[in-house]
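Just below sit the structures, each encoded as structure tokens.
Each of the next two complexes has chain A plus one other chain: chain B in the first, chain C in the second.
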Partner chain A sequence: MFATGFLVLGLCQFGEAIVGTEVWRRRAWRAYLWPSVFFLMGVLMWPVMTFFTNSTIHMLAHGTWAEVLMIAGATELALVRGKLSSPWWRLMTALAFAVSGSAFLIHEQNGWFFQRSSFLHHAMGWTLFGAAIVLLARCIRPRSVATGSAFALTFVVIAVMLYCDRDLAPVFGHLSPIAGAPHR
Partner chain B sequence: MRRLAVVALLALAFPAAAFAHASLQHTGPSYRERLQTAPRRVWLDFDQTVKALPNSIQVYSSRGDVVSLPARNEKNADYVSAQLRRSLPRDAYTVRWHVISSDGHVISGLFTFGVRTPAPPPTEAYGASGPTRTEHVVRWLYFLSLALFVGGIGFRVLVVRGPLPPRAEKRFYALTAIGALATLNVGIAAFVLRAEDALQLPFSRLLYGDLSAIVGGTRFGQAFVAMTLGFALVTALLFLSWLTDRTVFLLPAFLLGLGFASGLSLSGHSAADAGASWKSELADWVHLSAACIWIGGLVQLAVVVLPLAPDLRRSAFLRFSSVATVLVALLIAAGTYLSILRLPHVHDLWTTGYGHVLLVKLGLVALALAWGGIHRLVAVPAVARGGEGLFARLPRSVLGESFAAMAVLLAAAILVDSRPPPRVPAQTELSRKASTFETKTFVSRSTPFFRTEAGP
Partner chain C sequence: MNAELVSELEAPRHRTWQARAVSTIGPVTVLAGTVWALLQPYRVTLLHPHGQGFWWLVVEPPLLVMAVGLLFHLVVLPGLLEDLEEAGSSDAATL
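Up next is the complex of A and B:
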């Protein structure tokens, strides 16, 4: 579900980057579309956090994602609505991405090639850090098509990685003897 | 085309899931199961392969005797089991387990079961320790954040319903938003600390501790789930109110906030201890809600309305004074009822630890009430007569009253974490001997930690 949310976010961002902000916002609701999805994903992450309690670290990570998604979505909505005016508020979204990336990297204690889930967790963590840097660039050049497209691309990449099974299957061969037999 | 896109998104929204860490699926006996006959073994079923160590499953009696033999993997490596030493006598048992997951992490957990006796909640399992000073502070912070959050919204709903000047409006939302974030985060911290008490693991191992038995098997865990979800929803409503400039969202936010605050009453002494009834739960909720609205209102009055809304401060101060009188009356009535319920004898006040903390709390309550009384008897008539000069000193004085009330909350936090003296019903000697778990309650609160024993 969250992968689909990220895919929707990515497609919206791509749409805006390709046609330009003025055209994209000719219908007022479009301006609210991706920040609302962002905020809603944050709200919906709380049930995941409370019911996914088979380890403390997962609970804490999902709690962190829920909060940063809500805060980033709320900030973007407030910018669209005019409640906040300084473009530097977008740094809040950059911070949210950096925190989310850190949560992935801290939570994954194995190396990149230990198993598929490790690979995906590292890849997602660094992609989110990349997105945070793109957002920093976007604060400086808000109308740049390149930064807009790069930002959209990170959402699509994250969506694709979230769709992947994060399981015990090997990545580029079974490198760790402790990882156990792949179950598929 | 649009339909196709919707169908595609729906199909993508529900993909098959697979996860890296092993998760406990089933146990035998199940969580807090009361068995009529003693089990011969304890088994754990995971969703994927795990590696068992000889001490992967350790079963303790209520006295701390280990009654399990070394654990081993079954033919299906998803299963781990341990035979039990002998036919277990009537008692409550604690199972502490840890296995190596296929991703290399050591995952740990615990659960309890009873043989011909009720099983205790995991937070009272053998080896679990009682609340620490850190937990007292965290609970106090939770009360404070709840007052700032729910009490702050209550102030807008009950005292100042109309719009505030822009700067005051901004500060109101900033304070309540801080309260909302603090409520969510401190709630999570409180839950993790309680889980640490039960699991008795060092921090690095606690990160991979299985909390499902605590979430599902204790009132505290269930309250945590309901309150976290509820307060996230209230936070969303608060945000919508700010974003759209519509205070109409504040009423449902306030009512939901008060409703979900009842989680504390439904999981604390008023719900779990001997003599608990719906009346004690209701009294506890009224006590807590009145305190939150009173303290949250004082903060809003001192920090938002008095300094930033000169046109509203007279009416707000007089209206809050009336509301606070009702709140304090409710606070005292509910508090008195709960004190009598938990301390049936007056001498309990000076002979028990719970009584000592209650005495300190009563002293602080007297201070806060005296402060409030001066406002009611001196400041309110002066303001009603039109004394503008008083407003220069009033914010500091109101803030002082709120600090006194916050000190009361600290005593309340320690009280909630303390155990009231047991209510001893009239019993014959025979029935006392025959009594079960309730009177044999684990002595493990004073037993040494398991930090060294629980490792693989």
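Up next is the complex of A and C:
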């Protein structure tokens, strides 16, 4: 379900990269879609922090993640609304992606091939770091189709990772016995 | 060739390229979902529902990918093409 949400966002980002921000923002719902979802993800991260915390490092990672997502979402909302105008404010989004990547990597205590979720955390962490670099490039060239498409591709890649989260691929050949019984 | 005429032609050509590119997003996504379903039919648990749990029946990734492609094509694209056309005509008017 999360994967589907990310795929919808990815396709919309692709659309924006192709037609340009000016055309994309001609309708309010399109303009506010990504910033409001971004902000909402930050809000929803608080219940995750509260109810799915099984260690201090999880609580710190989820809490920090919630804060930066909300700050970056609010900044994007202000940019769309016109309260902020400098494209350099988009650095907040780059920061949010970098912190999100760090949160994934820091709170995953196991190696890449320990189990499916470990692999997912490592892969998504580094992908988000990559997206942060793309966002830095986007601050420098905000109208570039290439950087816009690369940003959109990040969402599609995350969607693919989440869709495959239930897989037990041959790459996990050395599964730990405490990693649980394979479903498939 | 008259430079004024060339500049009048540039904007509509650019908009046409954009319209074509954005129109392919939905169909390409549906195609990706279809290819995925054909390559890994075990992911479509509706084809063999016996013994499957709730989430394995509710979440069918290839079908969801196809649904997202259709959603983009039927809901997002029409308005986007309309706005692209309007932007194109306003560009031509200002030239």
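Basically, the second predicted complex is superposed on the first by the 156 of 184 C-alpha atoms of A that agree within 3 Å, B and C clash if a C-alpha of one lies under 4 Å from a C-alpha of the other, contacts with A are read in each partner's own complex, and residues count from 1 in each chain.
In this text, a contact is a pair of C-beta atoms (placed from the backbone, for glycine too) under 8 Å apart; a residue touches a chain by one contact, two chains touch by 3 or more.
Predicted model only: the values in this text are computed from it and were never measured.
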*Scan A:A96 for contacts with chain B and chain C and give back first, second, both or neither.*
neither
*asked:* I'd like to know which partner A:A72 touches here: chain B for first, chain C for second, both or neither.
replied: neither
*Check the residue A:A3 against both partner chains and state whether it touches chain B (first), chain C (second), both, or neither.*
both
*asked:* Between chain B and chain C, whom does A:A132 touch in the aligned arrangement: first, second, both, or neither?
replied: neither
*Tell me which partner A:A61 touches in the superposition: chain B (first), chain C (second), both or neither.*
neither
*Partner chain in contact with A:R26 - chain B first, chain C second, else both or neither*: second
*asked:* Which partner chains sit in contact with A:I18 here, chain B, chain C, both or neither? Use first/second/both/neither.
replied: second
*Report the partner of chain A that touches more of its residues: chain B or chain C.*
B
*asked:* Contacts for A:Y163 in the overlay, against chain B (first) and chain C (second): which applies, first, second, both or neither?
replied: both
*Which positions of chain A sit in both the chain B and the chain C interface?*
1, 3-4, 7-8, 163
*Partner chain A, residues of chain B touching it in the complex*: 9, 12-21, 23-24, 48-49, 100, 102-105, 107, 181, 184-185, 188, 192, 195, 206-212, 214-215, 224-225, 228-229, 232-233, 235-236, 239, 242-244
*Taking the complex as given, what residues does chain A use to touch chain B?*
1, 3-4, 7-8, 39, 43, 46-47, 49-51, 53-60, 63, 66-67, 70, 74, 77-78, 81, 83, 109-110, 114-115, 117-118, 121, 163, 165-168, 176, 178-181, 183
*Footprint of chain A on chain C - complex, ascending*: 18, 21-22, 25-26, 29, 42, 59, 61, 64-65, 67-69, 71-72, 76-77, 79-80, 83-84, 86-87
*If you look only at chain A, which of its residues touch chain C in the complex?*
1, 3-4, 7-8, 11-12, 14-15, 18-20, 22-24, 26-27, 30, 163, 184
